[in-house]
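Chain naming follows the written order as A, B and C, and within any one chain the residues start at number 1.
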Amino acid sequence: MSHSLQLNPDRLFPAEPSVRAIARRLYAEAADLPIISPHGHVPAQWLSDNIPFGNPTQLLITPDHYVNRLMHAQGVSLSDLGVGQAEFSEEQSRNAFRLLCKHWPIYRGTSVKFWFESTFVDVFGIDVRPSEETADQIYDQIAEKLASPEYTPRALFDRFGIEFIATTDDPLDDLAAHEKIAADPTFPKRVAPTFRPDKYLEPARPDWIELTDKLAEVSGVETGTYAGWVEAMRQRRRYFIERGGVSTDHSHADPRTDRVTENDAERLFAAARAGHINEVEAVALRRHMLAEMGELAAEDGLVMTLHPAVARNHHGPTFEKYGADVGADIPISVEYTRALQPMLNRVGTAEGFQLVLFTLDETTFSREIAPLAGFYQGVYAGAPWWFLDAPEAIRRYRSAVTDTCGFTKTSGFIDDTRAFCSIPARHDMARRLDAGFLAGLVADHRLEEDEAVETMVDLTSTNPRKAFKL
Amino acid sequence: MSHSLQLNPDRLFPAEPSVRAIARRLYAEAADLPIISPHGHVPAQWLSDNIPFGNPTQLLITPDHYVNRLMHAQGVSLSDLGVGQAEFSEEQSRNAFRLLCKHWPIYRGTSVKFWFESTFVDVFGIDVRPSEETADQIYDQIAEKLASPEYTPRALFDRFGIEFIATTDDPLDDLAAHEKIAADPTFPKRVAPTFRPDKYLEPARPDWIELTDKLAEVSGVETGTYAGWVEAMRQRRRYFIERGGVSTDHSHADPRTDRVTENDAERLFAAARAGHINEVEAVALRRHMLAEMGELAAEDGLVMTLHPAVARNHHGPTFEKYGADVGADIPISVEYTRALQPMLNRVGTAEGFQLVLFTLDETTFSREIAPLAGFYQGVYAGAPWWFLDAPEAIRRYRSAVTDTCGFTKTSGFIDDTRAFCSIPARHDMARRLDAGFLAGLVADHRLEEDEAVETMVDLTSTNPRKAFKL
Amino acid sequence: MSHSLQLNPDRLFPAEPSVRAIARRLYAEAADLPIISPHGHVPAQWLSDNIPFGNPTQLLITPDHYVNRLMHAQGVSLSDLGVGQAEFSEEQSRNAFRLLCKHWPIYRGTSVKFWFESTFVDVFGIDVRPSEETADQIYDQIAEKLASPEYTPRALFDRFGIEFIATTDDPLDDLAAHEKIAADPTFPKRVAPTFRPDKYLEPARPDWIELTDKLAEVSGVETGTYAGWVEAMRQRRRYFIERGGVSTDHSHADPRTDRVTENDAERLFAAARAGHINEVEAVALRRHMLAEMGELAAEDGLVMTLHPAVARNHHGPTFEKYGADVGADIPISVEYTRALQPMLNRVGTAEGFQLVLFTLDETTFSREIAPLAGFYQGVYAGAPWWFLDAPEAIRRYRSAVTDTCGFTKTSGFIDDTRAFCSIPARHDMARRLDAGFLAGLVADHRLEEDEAVETMVDLTSTNPRKAFKL
């Protein structure tokens, strides 16, 4: 016997009937608003070229480390899910999908289950619960849909109601896909690039000299000196701005922004170029460079987003076999108050400077992020991200930051995803949880319902527009 | 159209009807009990001289960094709110009040909104919601009240039902205002000074030599040696005790109490007096001095309260322009277990030694503070403070500490405020939240209702009396 | 007047009626399942020799630091509770019990109250609330029961429905009690030893040389070299496995597993044997040794459990007077991501390697433990432990880890107790709270009820069996 799969209209709302009734009303105000997705990982080529998606496994399993890591934690080989496989046959894909369906119970209580259920029902019209018995039936049904014109990237983009989406791009990317989209009158949507320069700020990387050489080549600015490096970065940021870019994204082991003197910056940079910078110096230079990004942000107005403090590729053998972004990144604790002080002292109140702080260390929500966002005009408390992008954590986030910085200084939801079909479900989850949180405030008389309605719409539409200058 | 402003009698109670009914009954037992305020920042002069308050902005906006920082975070200049302004005209005050009312929505979900709403309705009889349209009307109504004899500091003190209040004072203060109040038979209230010696324990301060000179002058004890400094402190503490003081308050970058040898203490002190102590040594001496305060507390019985771990004046340019206490203090993480061990090993079980631990780092509630309070007789878990003085955080606090140290080892609410008119609202918030938390325990049958009633009264009256030896 | 004492059948269930109804149904599925207790501190001798328990104080107060520390925090002397007393008369025992009953209100809101109430009512048939008035009556009633054959350790073991229990044992223990139990056909229960080698991994201990000498003597393997020490450990682990052992338990100041070279390990070991290892080197060697335990676990399959990061014997004078485990242990913060990386890189995906992570630092639940358990097949998120073994903390645990690692990678409840009579109450608490948490997921439509039923049974039975390889 297979169970049916349905989406309850009240999902994620508080259970108490009077609070649930308020949540329903608040949600209704935002449910159909366009999706604004100012940070994510959908490739622009999907939209510029509108190439139909491959099979269900290629779309829903192989590229999604949220999905894969939990099967890996049960002993499933990443290879069997298509990860790192140059060739992966249709039969292998079908087997991978069977593995997912067989392991369906391991996702109970996780947001992966919520996203999949929404995607299966709302996007693909599936009405049976995944299981070993139903795996093939679901696979076939999705495969059939993916072959139809209603399931091309652009068709889904329209159907999902996405108004704005940002991709994540290397500073040297020519952004041809973005240009192609912008020039195409048949697809009048805004797809913005995001400037993600992490590796150019890590002088200890073995390929850093090569990267700075390429930076010079592409920017047309000599990068033999630190001043040259800064100018090259300035040029490339300009290039992104001209192609619709609104933000830069930064993810390092820590968010410190200590500056060295200009002389020391040149000296450390020269050592790095010469290939003999040590680890401590490389970290010092990286922190200085991150602070420099703040200066440039104050200058050119690109919003700066920080996603620090993850031990990337925690399991060496997995990294060697499969590369990065396969589920083996583990968070570490982080400190913002002292770390950001040097940068905020210089540009924290500068006109146009905006900084969105994300974290995987929830302790910083009430202790550091909300107090910073509650004082500095340009600082926003970023939405819960990655491991925290789930109902319980999102509730804890609102509980942790609202007392101190209210609603207006929160970034609005970001989906940060490469799982294109889950985008509506992710934004829907956030809207349902915001409706539930606001309903709680109305129920205990901290807000009047008209105030909650206005806030509900703000969180969905106004806040991301303000935080990312849209 | 302007909205009405009303206070719902069930505010902050749990939404579930049966739990709410219990909360109502519990709250009713404590709602009218006198206010005990053992730590705060109301100037004693207000009560000794009973000078009428100035205009609404002078009373409610300019001195309150909770209120100002959130407007600053929206781009409002602190100058426009009267901060740091030697002159601030009636028209400027009215404009500042208009800024507050215009920005009313930014306070949604924060405790500032709760406090203001209670203050507006209960203290000043306002019945319209603040907005640009209603700003002048509200300003005028408050201004009119402030001019009447019912709104002098002493009249409000009576009306608020305050039984005991403590101020915060420099060790060299002559406490003339306190003496005047004590000698005045027409105001038979207890207003106690609090000994706050922070700056005398920071040998790295540029003015520290001058401060120790003044300490000698006022105490009549030579402070050329460390032993002299201790004796001078002992004398000033005695002076406070004789004028009703019950506690000392300490706020440093960390709460460590590592001791150096007596010889090293003398040597470091001599270096500091000679103006050539380095930063590391200055920290070492400060920690030793803080431990010394513990020794003196065990000796003279003043309750010791710790409020550590805030990066004060985080934004340099703001500090240079406006000075301290204007909303730019940002918390940092803190450690108590190891930090307090040296002091607690010496005086932790000493007769009469009492220590109340406050924190802005919520992680310490369940990990360190509750376990310490659950073992050492003299240690109390301080109420949520500053950024945590809000409904969500207060609920988290009770959830975090109760499992481990129960209710009896919590300090009772402290308002820690300079916003005089918000005092009743702050204590009312705590009582409502305690009633809600206890109602939850009754509802899931962890407490019988008679036990909850007794606890409710204890939290309001017994606990602060015990924690602060009233 | 004395109050009656009763156990409400709905205790710890959510208050909202529809959610409570679900919780009741889920709890009913697990309420009567056998107890699996894979980590605890009940002495095997109690079961091998089945010696009747002493008086109520000897059973319920003196050995239980959860109970004692809260009375100590009220100023009760540990001596008056029997702690550290070679002689403790019947009259003293009765007085200690009176102290407990007199202080009954201090346990409000703590799990001690819940455990005691369940024990009093369910195990001993008490029906009055403890108080000064009822103390003697309760004492007499329990004492009378303890004298009856229905209250011997084995009789209670049966009555409690315990299917499996693990003790905690020194590596050199001959496990005679375990052998006696295994050989006794009249008591066909499984009582497993646990290998707890902490002190043999602490080369800075004054008795470490003596301990390694004894290790050599008992294992029959020379421990003059590091390689010998490892081999001796291997032998003793084998000895435990042969007598039913399933896991090893490790509790150090930190959980770091940094390795040194084999040469350095030998060098440091030699220095330690020679009595001149310094503190830094001793820590380095301990971390290497802990990593070695991981290698051995991958080799012999014993499950490795980590319980780190407590400042043991925080109050020196108490330790000197009463020894260890008397309530003066205070948690400190802990880091797992970097700490475990060296070990997990070597054995993290090894067949048969299993690691259960416990913590007293709740910040690691969502930040580190759940992500690790959500990637590494062998890693399990351990149940809330010690100070966190209470309703509010257990709820926070499920909220913190489920998003990221679901239910299958959690260890199942462990009671970790020496309070034998509280075992059923502790497991019952966990089942009630799991039922409540799952009911919440059903109520907000994240789970269907059939999924929750299956999960409820898994958490109670399947998970501990998998995590501890039963």
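Here is the rule we go by: a residue touches a chain if its C-beta (ideal position, glycine included) is under 8 Å from a C-beta of that chain, and two chains touch if they have at least 3 such contacts.
As the structure is a computational prediction, the values presented were derived from the model and not from experiment.
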Would you kindly state whether over half or under half of the residue numbers at the subunit A/subunit B interface are used by both copies, giving same or different? different
Angle of the C-alpha superposing rotation, subunit B to subunit C, to the nearest 5 degrees: 120
For subunit A paired with subunit B, centre-to-centre distance based on mean C-alpha positions, whole Å: 39
Residue numbers of subunit C (touch at least two other chains): 14, 16, 363
Hey, which residues of subunit A end up touching subunit C in the complex? 3, 7-8, 10-17, 69-70, 72-75, 105-111, 113-114, 129, 311, 314-318, 327-333, 360-363, 387-388, 390-393, 396
Which of the residues in subunit A end up touching subunit B in this complex? 14, 16, 18-19, 335, 337-338, 341, 344-345, 348-349, 363, 366-368, 370-377, 379, 399-400, 402-409, 440-441, 443-448, 450-451, 454-455
